[in-house]
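You will see chain A twice below: alongside chain B first, and alongside chain C after that.
Showing the complex of A and B:
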């Protein structure tokens, strides 16, 4: 059985293995080895037998090949309506074919399936909304990714990403100490402006346990500071866990099911340990999906819910503004054309479409908010979802995929795009880099910091 | 006075004047200088691709690339490093201001030395009207003094001998005084204490009489004596002055008249992007215009 030293069926388990894989710049050797990677057809068929349940079998069988899904897929539309980009085709020609052949597929087939699973679908689930049978190709692509990962056919960056979760319980090499240390550093940096600003670590029984995206710790710690400031100004009783603070899951993008479970359990352990009333995650879409929507099933929780009530940052923010915990200075509301990116993972897939618009009603001067078309649950993926943003091998396809969002934004005429999701934020930044349409993009937190009123007793003494 | 210098550089022409001052300080005061360069900005989410800040190109990062960049920096500063005993080179990935603050927190330098804005390549920042965003962010949050050399430091011949301390009587200015006086005292410099009475704001409300302005000048002079001179004990080589006008203009004029080779002042801006004052703080304007190095000190400096 041909296995590469870098490209193989063994998940990354150690820091050493991570470093070795990382040192293969751009995955050059990794992809070279993949060309001769054998398919363990027996394992593949056995795995399907154990894990492919009736829902997927039914979906694959009842698909009438009607083509209603075609126009729902932004990748089909942007790629000149290539029939090979029709969602039904994409899943039937990969997962459907593997099942029909009882797992007897070869290397070339798996390479094709890998490209389909990661470069022709962002798991945005929009097609599921338009299918007359309710067939969700995004869900099935997620399942296909799991089969591909098990066989070692996974993009280089995602093998690393899943490995990061296994080694660090975070999507990047950020240790637990790095996390608390960075968060405390940020509180120190801003405490002059916000007297009394602290980061309560591991407080048991707090109202809120806050979880983040490791990238904030590594590259944009201002985001942590902004979260702390807004909780502080709202008078919240909050805490962060010293372990189990990472909400995201590149393991989900990679299809590394075991790592998905490891990761989400680390967050649930923190909830069990600290017993917060609620868990609030940062402005990230897939992190919410991984930890709040899908995670309970990965962790085998019978009620399908996380151990503590878990809400998205936008839900907390809307509530804080609605109840007056945070007050906006009317003079500082946004007074320029502004639009909003609906993150597939918590809007289409978790119904939070009205919450973000409620926030807009508080922070944007009436008349300046312009919705994209289509919007809410019908909105298109940013173009970089499902792991697409980070995969070097598919950069060209990803850049093309950004065109849909670019044109949607251009049609609004807005120069500011609010993107309360890391992936969307990245994709929109990249589309500006790639196509220079003259827009700015922002999370909600930095905008809020600039417009909330500071209660008298929390103002710095001059 | 200076044992550890953190020289944050783009390793391009924009930082050449800063390099001259930074290495001169290291050699003259026998300090360790860490040449720190942020080589790339992370991009594409979790990918390993970074945008090289110097070339603007996307590069796949690995140890070889890091070593290559370090070697380039070594070569770029070759003639200065040769004369320096105690030096190191560090590179990092990230947003420049954040990584400068991160390493500063780790190595606790006595001073951070930076160049002017890299801005558009080939154009010197003093030709623009705002300072670089990296400087603004570092100056706001650093816990040590930040020395910036934006223009060719014409009156800097090596070492410090003629220091202007410009005060706005803020808390940060008190810290700036402590630092500048210690520096002047330790290095045996002439010390010029200066306050610029801001008449632009006075004029906006209504036009004051010259008597009123001169009264304000007298009061400011008293403050200089009370707040600073009274704490200088037997130190004699000082002068003090209060001039009225537009503060940054007066500070730059005063420094020029005194042939200052260093200006020390408080940096009081809380925000890095302030729509109300697009030109930034007085300190930022002085940095852009002065022809000597400027040390900016925020209110966090020296705090544990």
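Showing the complex of A and C:
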């Protein structure tokens, strides 16, 4: 068996291994080694035998090859309607072919399959809505990613990402101490403006347990402060867990199912320990999908639900605005053309389509909100979902993929794009950098901070 | 020959078709796995059933989904083909006469003019479906000889049926050919992609349960197919 020192079938388990892999800038040596990585065809076929059951098997077999999925795929459309970008073709020529060959595929095949799984599909699941048989290629691509990961054919950044979850229980090297210290420090920074602002850590029985995206801790600590301020102004009884605070899962993008389980169980343990009434996650799409939608299955929860009721930030925000916990100063509502990005991971994977429009009705002056077309569950991926944003090897393909969203935004005429999802937010930032169309983009929290009324008793004393 | 084909031949082909489909159905349902599929099938029966029914209903309704509406040409071909393919075998007067005589029961028979239109519809749409496979690059890349064979197997009983209907050539010869094609079709149903006669409904129910239970069905009105 030819295995590289960096590129191999062994998941990253230690901080040392993480540092070594990280030091291989851009994965230069990693990808070089991948070219001679052997395929364990027996393992591949055994895994398929154990995990490819009637749903995926039937999908592959009854696909009528009608091509109705073609137009549903934004990557097919943006790549000049290249037939090789038809969802059915992408899965038949990879997973379908592996099964037809009973796992006997070579290195070149796996390299092709890796590019297909990570650079030709963002697992946005849109095609699943356009197939008469209900075949969801996004789900099958996720499955294929798992097979590829097991064989060591995974983009460098995602091998690292999955390793981070195994070592840090977070997508980045952010420790539990880093998290609580940063959160508390950020709250202290704003205490003068918001007297009494605190971050309750590990409070048992709170109404809300809040979970975040590790990069907020590392790169965007303002986001933590904003979350604290909004909970504070809404008078919420909330807490953050000192362990199990990370909601995201790059392991899901990587297809490292064991790491997915490790990660989500850390959050569920926090729920069991702190017994909150509800868990609320930050403005992130895939984090919500990983922890709330898919997570219960990785953790083996038969009812398909997390231990405590878990909602997305947009659901909490809509509720807070609806019930008057948060009040918007009408003078400060958005009075410019504004549009909204639907995150595939919660719109097509959790039905959160009208709740975000409800928020718009509170924070945007009537007449200024313009929906993209198509929207809601038929919306297109931002262009960077499923890990696409983070993979240097496929940057060129990703940048092309952004054009769909660029044109959708341009068609609305809006100069402000609200993106309550980290991945979408990044993609929209990158499309502005790449194509300079003169837009601004924002999460909901910073916009809300600028327009909520501060209750009299919470105002700073002169 | 006619008696052999419409006697034991008919029983055998219908038997293989029904038993085969039953086995396919049982294997499909048995092979569903809540944890691998990541759908809590049995934990939320109400949401699951609602999702499954919605998923089937909107898709068997012509232009009932966004996908059908955005591809009207394909939608017309699809429904003309399938409505004829389902109705003609069951409700054609000549078939019901034979069912009554050989099997001892029959279904309602449809008007002959409607039956003629449906049969022509099946043949015309089969031709256009084949042309579509050849002409559209996004369909051509997916098409294999197997796909054309399935299309041929499905259309052949209709072509030969119309030859008999209009009594072109040697009636008794074409009647035998027609019956043979019909029985080949019946026998191939459980063993080929034609098993979608049943698996379409099961697969649609499955994805409907996925959306109904896990992917938002319990959050609001359900998927806007």
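Worth a mention:
In the analysis below, the second predicted complex is superposed on the first by the 462 of 462 C-alpha atoms of A that agree within 3 Å, B and C clash if a C-alpha of one lies under 4 Å from a C-alpha of the other, contacts with A are read in each partner's own complex, and residues count from 1 in each chain.
Criterion: contacts are C-beta pairs under 8 Å (C-beta built on N, C-alpha and C of every residue); 3 or more make two chains touch, one makes a residue touch a chain.
Computed from a prediction, not measured in an experiment: that's the story for all the values here.
After superposition onto chain A, the partners chain B and chain C occupy separate space and fit alongside each other.
Judged by the touch definition given at the top, the superposed model places A:161 against chain B, while chain C stays out of reach. Shared-chain residue A:81: touches chain C; no touch with chain B.
Contact with neither chain B nor chain C is seen for A:276 once the two complexes are overlaid on the shared chain.
More residues of chain A lie in touch with C than with the remaining chain of the pair chain B and chain C. Contact with neither chain B nor chain C is seen for A:307 once the two complexes are overlaid on the shared chain. In the superposition on chain A, contact is made by A:430 with chain B only, not with chain C.
When the two complexes are overlaid on their common chain A, residue A:192 makes contact with chain B while staying clear of chain C. In the superposition on chain A, A:172 makes contact with chain B only, while chain C stays out of contact range. When the two structures are aligned on the shared chain, A:221 is found in touch with chain B, with no touch to chain C.
Using C-alpha centres, the superposed arrangement gives chain A a vertex angle toward chain B and chain C of 160 degrees, stated as a multiple of 10.
This overlay, made by fitting chain A, leaves chain B and chain C with a least C-alpha separation of 25 Å.
Chain A uses no single residue to touch chain B in one structure and chain C in the other. Residues 42-49, 60-65, 94-95, 98, 101, 105, 141, 270, 299-300 of chain B touch chain A in their complex.
In the complex of the two chains, the chain A residues touching chain C come out as 51, 53-55, 57-59, 61-68, 70-72, 76, 81, 83-84, 86, 88-89, 92, 128-136, 293-294, 296-297, 300, 302-305, 348-354, 376-378.
Chain contact summary for the complex, chain A toward chain B: residues 22-23, 25-26, 157, 160-161, 171-172, 185, 189, 192-193, 215, 218-222, 250, 384, 389-392, 395, 422-423, 426, 430. For chain C in complex with chain A, the residues that touch the partner chain are 27-40, 43-44, 55, 59, 65-67, 70-71, 74, 78, 133, 136-144, 147, 193, 195-196, 199-200, 202-204, 206-208, 210-211, 213-220, 222-225.
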